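Labels for the chains are A, B, C, D and E, by order of writing; each one numbers its residues from 1.
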Amino acid sequence: MLRYTVRRLGQLVIVTLVLSLLLFAWLRALPGGPVSALLGERATERSRAELVEQLGLDQPLYVQYWRFLGRAVTGDFGVSTGVQPGTPALEVFLQRMPATIELSVLALTIAVLVGIPLGYVAGRRQGGWLDNLSITWSLLGVAVPVFFLAFLLKYVFAIELGLLPASGRQEAGTNATHATGFYVLDGLLTREWDAAWNALLHLLLPAAALSTIPFAVIFRITRASVLDVLEEDYVRTARAKGLGATVIRTRHVLRNAMLPVVTTVGLQTGALLSGAVLTEQVFNIAGIGQALSLGFQRQDYAVLQVVIMATAMVYVLVNLVVDLAYAVIDPRLRTR
Amino acid sequence: MALLEVRDLAVRFVRRGEPTVAAVDGVSFDVPAGRTVGLVGESGCGKSVTSLAVMGLLPRDGTEVSGSVVLDGTELLGLSRREWDRRRGSDMSMVFQDPLTSLNPVVPLGIQVSEVMERHRGMSRRAATREAESLLDRVGIPDPRRRLREYSHQLSGGMRQRALIAMALACRPRLLIADEPTTALDVTIQAQILSLLRELVAETGTALVLITHDLGVVAGMCDEVNVLYAGRIVECADRHALFAAPRHPYTAGLLESVPRLDTPRGRRLAPISGSVENNIPWSVGCAFSPRCASALPVCSERSPVVEKVGPERLLRCHNPLDTDVGNTESSHD
Amino acid sequence: MLPGTRRGQRLDELAESTPTTTAGVSLAASAWRRLRRNPTFLLGAGIIAAFALLALVSPLLAAHDPALRLLEDQVSRADNRIPAPQPGFPLGGDQYGRPLLSRLLIGSQQTLLVALTATVLGLGGGLTLGILAGAFGGWVDTLVMRVVDVLLSVPSLLLAVSIGALFQQQSRFTVIIAVATVQIPVFGRLLRGTMLAQRASDHVLAARALGVRERSVVFRHMLPNALGPVIVQATLMLAVAIIDAAALSFLGLGSADTSTPEWGQMLGSAQDFFDTHPQLAFWPAGCIIVVALGFTLVGESLREALDPKKRR
Amino acid sequence: MVELDEVCVHYPIRRGVVFDRTVGRVYAVDGVSLRIERGRTYGLVGESGCGKSTLGKALLRLERPTSGSIRFDGTELSGMSGRRLRRMRRRMQMVFQDTLSSLDPRQSVESLLVEALRAHDLDEGSESTGRLLRELLSAVGLPAGALRGYPHEFSGGQRQRIGIARALAVRPELVVADEPVSALDVSVQAQVLNVLRDLQERFGLTYLVIAHDLAVVRHVADRVGVMYLGVLVEESDSDVLYERPMHPYTRALLSAVPVPDPEVEDRRERILLPGDLPSPAAPPSGCRFHTRCPWSRPGVCDVERPSLRDVGGGHLVACHYAESIERGRPPAESG
Amino acid sequence: VQSQRQGDGGDTFVFGAAGAPALFDPFYASDGETFRVTRQMMEGLVGFAPGTAEIEPELATDWESSEDGTRWTFHLREGVEFHDGTPFDAEAVCANFERWYHQTGPGRNAALSYYWIETFGGFASDERPSLYSSCEAPDAGTAVIELTRPTSKFPDALGLDSFSIQSPTAMEKYGADEVRARGSSFEYSEYARKHPTGTGPFEFASHDESNQSVVLERNEDYWGEQAGVDRLVFQVIPDESVRKQELLSGGIDGYDYPNPADLASLREQGFDVRVRDPFNILYMGISQRDNPALRDLRVRQALAHAVDRRNLVEANLPAGAEVAELFYPDSVDGHVSDTAKYPHDPERARELLREAGHPNPEIEFWWPTQVTRPYMPDPRGIFNAIAGDLREAGIRVKPVSKPWNGGYISDVNQGKAQVFLLGWTGDYNSPDNFIGTFFGSTNNQFYTEPAPWGGELADRLEAADREPDPKSRERMYAEINRDLKSEYLPAVPLAHSPPAIVTSPDVEGLVPSPLTAERFSTVRVEN
């Protein structure tokens, strides 16, 4: 187990290095670049040339990359030019990460809390009305573009009905303490209940929109997996043993049916990050997704680099954790 | 009265949009306490469906079960789900063909064994675990204490099958159904398991229904043999009588088809012609008639009924073989 | 293991779960038998057929040139006026006074074109990678799959956006390339899985034992039998492609040329009018949802039909 | 006609951080030597996973042997590849166990057979090819109408006949049949066994028949080899082997095979082997069988690997104590 | 915590900003989002009168210049203190000027000191000549600025936010000049990020980067009239439609640059839409660099005739937009109305093209994506309209689009775009700020270098700028304007669009500024 973890972490380092190289090369191939971003529409040839020299962008690519690496090991990933100009990119990432995590965790929680029970019930009552209804819902969840759903939700619940806030993470100008950057958590820790509540309200709509895709996947995997497990020989064995319905359901069906679901939940991190790019845009949440889309619009190399790399690492790490969790619940993997 | 009496058991699979499959079609047999009864037949003849019907394990949707299954005086068909659950695992239990897939991969063996006792014998987890240990020991699993904590993937095929047998025997059932318990195993392991079963049956006096396609296994294990073909029993007899003088052409054909260790080698085999695809429905005539060497015109026109021929023998055939035909055939050379 | 590998493994499982080897024609036949009666499939197929037909005949149906600002005089930025439905223009005009219905109609063609081309390109790229890896195995396989895994470990939309951003000029072509790039690793990994399964299968071994040339073993025996799950996936990917293209437009990476309409782009550029003229967004969004649903329905029911476990 | 000399096939177990490294091996076949005479049938028996199929594939060079030599009619096959190997393939063919998966589901019977001919340029105009195909089908007992069918349209026995016809299409000299009947119902099994035998007589074929069923092997083979964990433990002419098995494993195996005769069954002496087959990835030291052998001697059997030796009349056994076991005496302490 | 939009804590004005302020030291800034914030905290020697582009006294109560226009004496307001308590006096003024002039390293880069370079040219010991010479403080209430030459920009340029006077003590304490180049950008000083200190009606309170908001508080010791609200919050909302929705749902009290499409509906829903006087220009630029056809005046004139500017303004620009005849609005000096007009006339355009020998010239027409500008709210719409017009005149238009920051700006600035859409928002009331910037050099967007008139135009603009006498300067600019339209025509002026600013009906006292330089100290929020 330990060796496995170490090996996976070793892989992570390699992936990060390779990715950083790819990213570096790719970002430099993008049109525009930091010079345009910094100088804006009022640039002259002269100021452009000066800036290029000052930033060392006239050096060969490998020199630039080497310098970048050298700085990166000290935690210096350059300074944002467009997203939060003047702030170190790493800081931008760290400031924005909690927002995205908060959002994704809530979305995933919704997806899991709704998807798994629904998938289980639908699988057991295959062909029933609940089954058909939830299948339809999950199919729609896939077919509706996330950002459109986000728009709809916002329009209906925030603007027309005025039930929930339309955007942001917390009411503008709220005087709340932000210790961890997770606003809901901050509110709870500092006992500023209204701040926590306010932050949670802000999260509801975006999380609901974001949860549709993981919900659809989790629901369908659960359902399919319950269907599969119900046909397994060991369930038949359990029934042949005359076990009670509850024992069969929990010990024999659910425990096995959850295995593929656990992996899926890890993979959903990717979908969540993709979706966050869109949702954060619609709901103006200053998270990683927004940093990415702004970074692209404003050619913010440093931020893009940190954010994409960190995103990939988070993705890899989450999946490592999921795999470890998987090994804990699946004894077949434990001995490896 | 026999412990288990199966009368006119019929199972039909009815699916919307698909033709109805009559998998088992009027099967009757008795299993007295302490005896071993074999059900033999080729793939698809309805052996498993019969056993699942007896155990009440067929899916509820899309299956129609009729006839009667009486265990120790109680009619089982039509019992409520609860009562089924109370009987399964305690009065009657079952061992399945594939020991790998029949064990839950994520639940430790100990729990899978002890849960039966917790359920039916009302034992505490601790007592049940202690009992499970001795059970595993009795079915010949070395180091049972350690094995209790292990998972099915850590066991070999033979060990798994032993564990399944232990579970089946945990509540000292009076009826044990073993559906091809050794088909997935190698010969040497098969020998181990069969001898284990033999011992256990002798010790506990459990009635055993042994389902297999291997005539050799039946010959060594059973007191009475039922030969199934296309969902019906075509011949039923004491094993000595059956192997010595098969009366149904199908039984005889099976015996002639298999190469045997005890007959001279190099002899040309005398196979049954065609395959099950050539069958005709039992409702029309004898399902076996298209493949039968001794078929008469009547065979494809009228369905034969079961008749008692001689002592202890039931036969479903219009034109059974003579008593000595089988003998001459097999003692030829 | 990278999440890419994990995602990859899921694809591998998918590949394995559809063993065309033992199934083949019989599987296809029985699948078809079940599909013909499956309402899900019929609904999906109906939608797709209608959509395809629409795309084909839309130039005939569209009463106006979608690029022309026929109703421009009814447009006013200052008063936020957008042409309302009127005789000859059942859905009115868009924010530039172009006929909305004609744009939707012609848009069906372009949308299908984008989705189809992207999927075909993705499939092509995936096929190439998958064939390389699956047919040769060994280090080619290892190398190709490591690249694929790294690609799979970047969240898909991120990858699409990254690729889309590479181009100086945004056009339908760049959208297609971006969407296709996301699909390549998916198809590649999937096909590799099915190819490897084929490689290990007896009938391929039999062909090899017969002395059939390696090339025709790969192309005549392995590939045709390995395509089943890939085709199912491609159906699902068409839906994903349509939605991804719309997401790219939403993020401002759609085609800059709006004279030939495409639904995703129409939806993307209707953002600003969501509160005031929701019809500008609802029409293309509705079309996208219905068509994506159609492809998803067909893909899912195909997958289910080809699942050997469901086979009786 | 075929000579194998110390053939080994080891499958590497790979695992790695980025690129896979070999971290272990499965000793599927580990030093097997045997000869198959022209026109005869060699039977290979053993339990699941002992390496029978691997050996068969190695012989046809469908698997590259890790070491050892394989000679076919005097030609060394082990290093051969490409075109030359393809040419050789015409002379040796294979029949598979799984009748459905070994036939490409997308090809009609006709194209399956024609492909075989094409591969070796035996396809000489449609007329002669048509005649050839009809002959082939009738040889294996299928109607000519079967040509237009697809594999799934046939029953298991018929499919196996198609598989045999395909193998025979190129007029091979050697046919390796890997479990040709184990997937078939008993009633059909006999039909296929008869077909195999008829064809051997008609075309003068040499067979290597692989099976786990000792009775089947006894029925078809002239000479039988018994494999255990990648090695041959006993080899002899069929009659001799079944009459007078000398290796403890063979004896146990034979005693375990059920016989469909209650009289015999009731009387039999059974040798029950303890335990299970060890993993071929970590085979036991010394004699591979010593972990389960009732006669094993510590200090000898677990240390020294017995070689295959002739105990007279071409009866080869790999056991230190074969003779004493045969005489019914447990081996002496000293060996 | 108090969720204190209203109630006992006093009033708060929440404004939706389109972008995050880069920093709070206006000297290093050049973007509106930063200035919008610093403007509330800081003041310059001169300021702009509310609602106009005219200067008025701010920290200086009055000023005079020497005859030759090189020596400027400012009389400073008394009794003013910076937020940190440092007294505002002539020393402080000179400290600021000296700081600007003595920038080193990255501080000299146009990416940072843009307005200094634009206005004053070079720095101390720099090869570029500087307009600035010295600053003296003869007494606490008087600051004397010495220039190297006269300029039309003075003193208006001192109203630019970049030249706000900041507390010398605070700047020293928090290392205001410590900017570093790091990776591909600059890292700002602690002063610029956390401790901006000026004299204005609001003081810096906090900048919450994770919530993207900046909070300012009322400066209770302000020398002038106290601010109308206790707290001023800038909430960053990059997406325009989200800003509107936030306003609709009550999350913010106002925002800038509403989508012109929304104005009518916002008004209908009772919001205050205040349209500013236009102080910008949208033009169709023409580059002399690559396309030889464009070097022919008649071709350029044909372009001008081809475009239907009237219709463009009506269909694509917000309410209040006007067709532009000159390159700057009429509120700026030197405006004349008797220039050559180019009415929409496709016939005439075709005729001119024929005369020029290019009946169907192929022209690359560039337009930007991923951007909206006050002068160009919908580049795609504008492009479509103009491209249609040009095609009508027989011009073969080859559209080229690039993302604003993804190549458009840089390529256009290098003269690579043959015909392109661009514009300018004025910084202060001076022709030089418009046409001086456009044509004052020959190597720019229009690449007038090869044109026979390119150098001449640049020289005339410089001469006008140097002219100390306002009367003759005005005359010179008028002449230039006439020739720009008739003889040079290096670009076609299209329109002036008034940017709007929206507030909720509860907001009072906001005075829109043509320079988009609103001061929020006059704002009050009703509850």
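Just so we're on the same page, a residue touches a chain if its C-beta (ideal position, glycine included) is under 8 Å from a C-beta of that chain, and two chains touch if they have at least 3 such contacts.
A quick map from chain label to UniProt name: A = Peptide ABC transporter permease; B, D = Dipeptide/oligopeptide/nickel ABC transporter ATP-binding protein; C = ABC transporter permease.
From a predicted model like this one, the values you see are computed outputs, not experimental measurements.
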Set of chains adjacent to subunit A and to subunit D: B, C
Minimum number of chain-to-chain contact steps, subunit B to subunit E: 2
Reference subunit E; chain at largest CA-centroid distance: B
Pair joined by more contacting C-beta pairs (A-B or B-D): B-D
Subunit C-subunit E separation of Cα centroids, rounded to whole Å: 46
Whole-Å gap separating subunit D and subunit E, where each centre is the average of the chain's CA atoms: 88
Whole-Å gap separating subunit A and subunit C, where each centre is the average of the chain's CA atoms: 23
Whole-Å separation of chain centres (CA-atom averages), subunit A against subunit E: 39
Touching two or more other chains - residues of subunit B: none
Where subunit C touches two or more other chains, by residue: 165, 168, 252, 271, 274-275
Residues of subunit E whose C-beta touches two or more other chains: 245, 248, 370, 402-403, 406-407
Residue numbers on subunit A that touch subunit C, as the complex places them: 8, 11, 15, 18-19, 22, 26, 29-31, 139-140, 142-148, 151, 155, 159, 228, 231, 263-264, 266-267, 269-271, 273-275, 277-278, 281, 292-293, 296-297, 308, 311-312, 315-316, 318-319, 323
Subunit B-touching residues of subunit A, taken from the complex the two chains share: 232-234, 236-245, 247, 251-252, 255-256, 259, 329-332, 335
Residue numbers on subunit C that touch subunit E, as the complex places them: 69, 72-73, 75-81, 95-97, 165, 168-170, 252, 256-259, 269, 271-276
Residues of subunit D defined as touching subunit B within the complex: 47-48, 155-158, 185-191, 193-194, 197, 212-216, 218-220, 238-239, 242, 252-266, 268, 270, 272-273, 276-277
Interfacial residue positions of subunit C with respect to subunit A in the complex: 1-3, 6-7, 10, 150, 153-158, 161-162, 165-168, 239, 243, 246-247, 250-253, 267, 271, 274-275, 278, 281, 285, 288-290, 292-293, 296-297, 300, 309
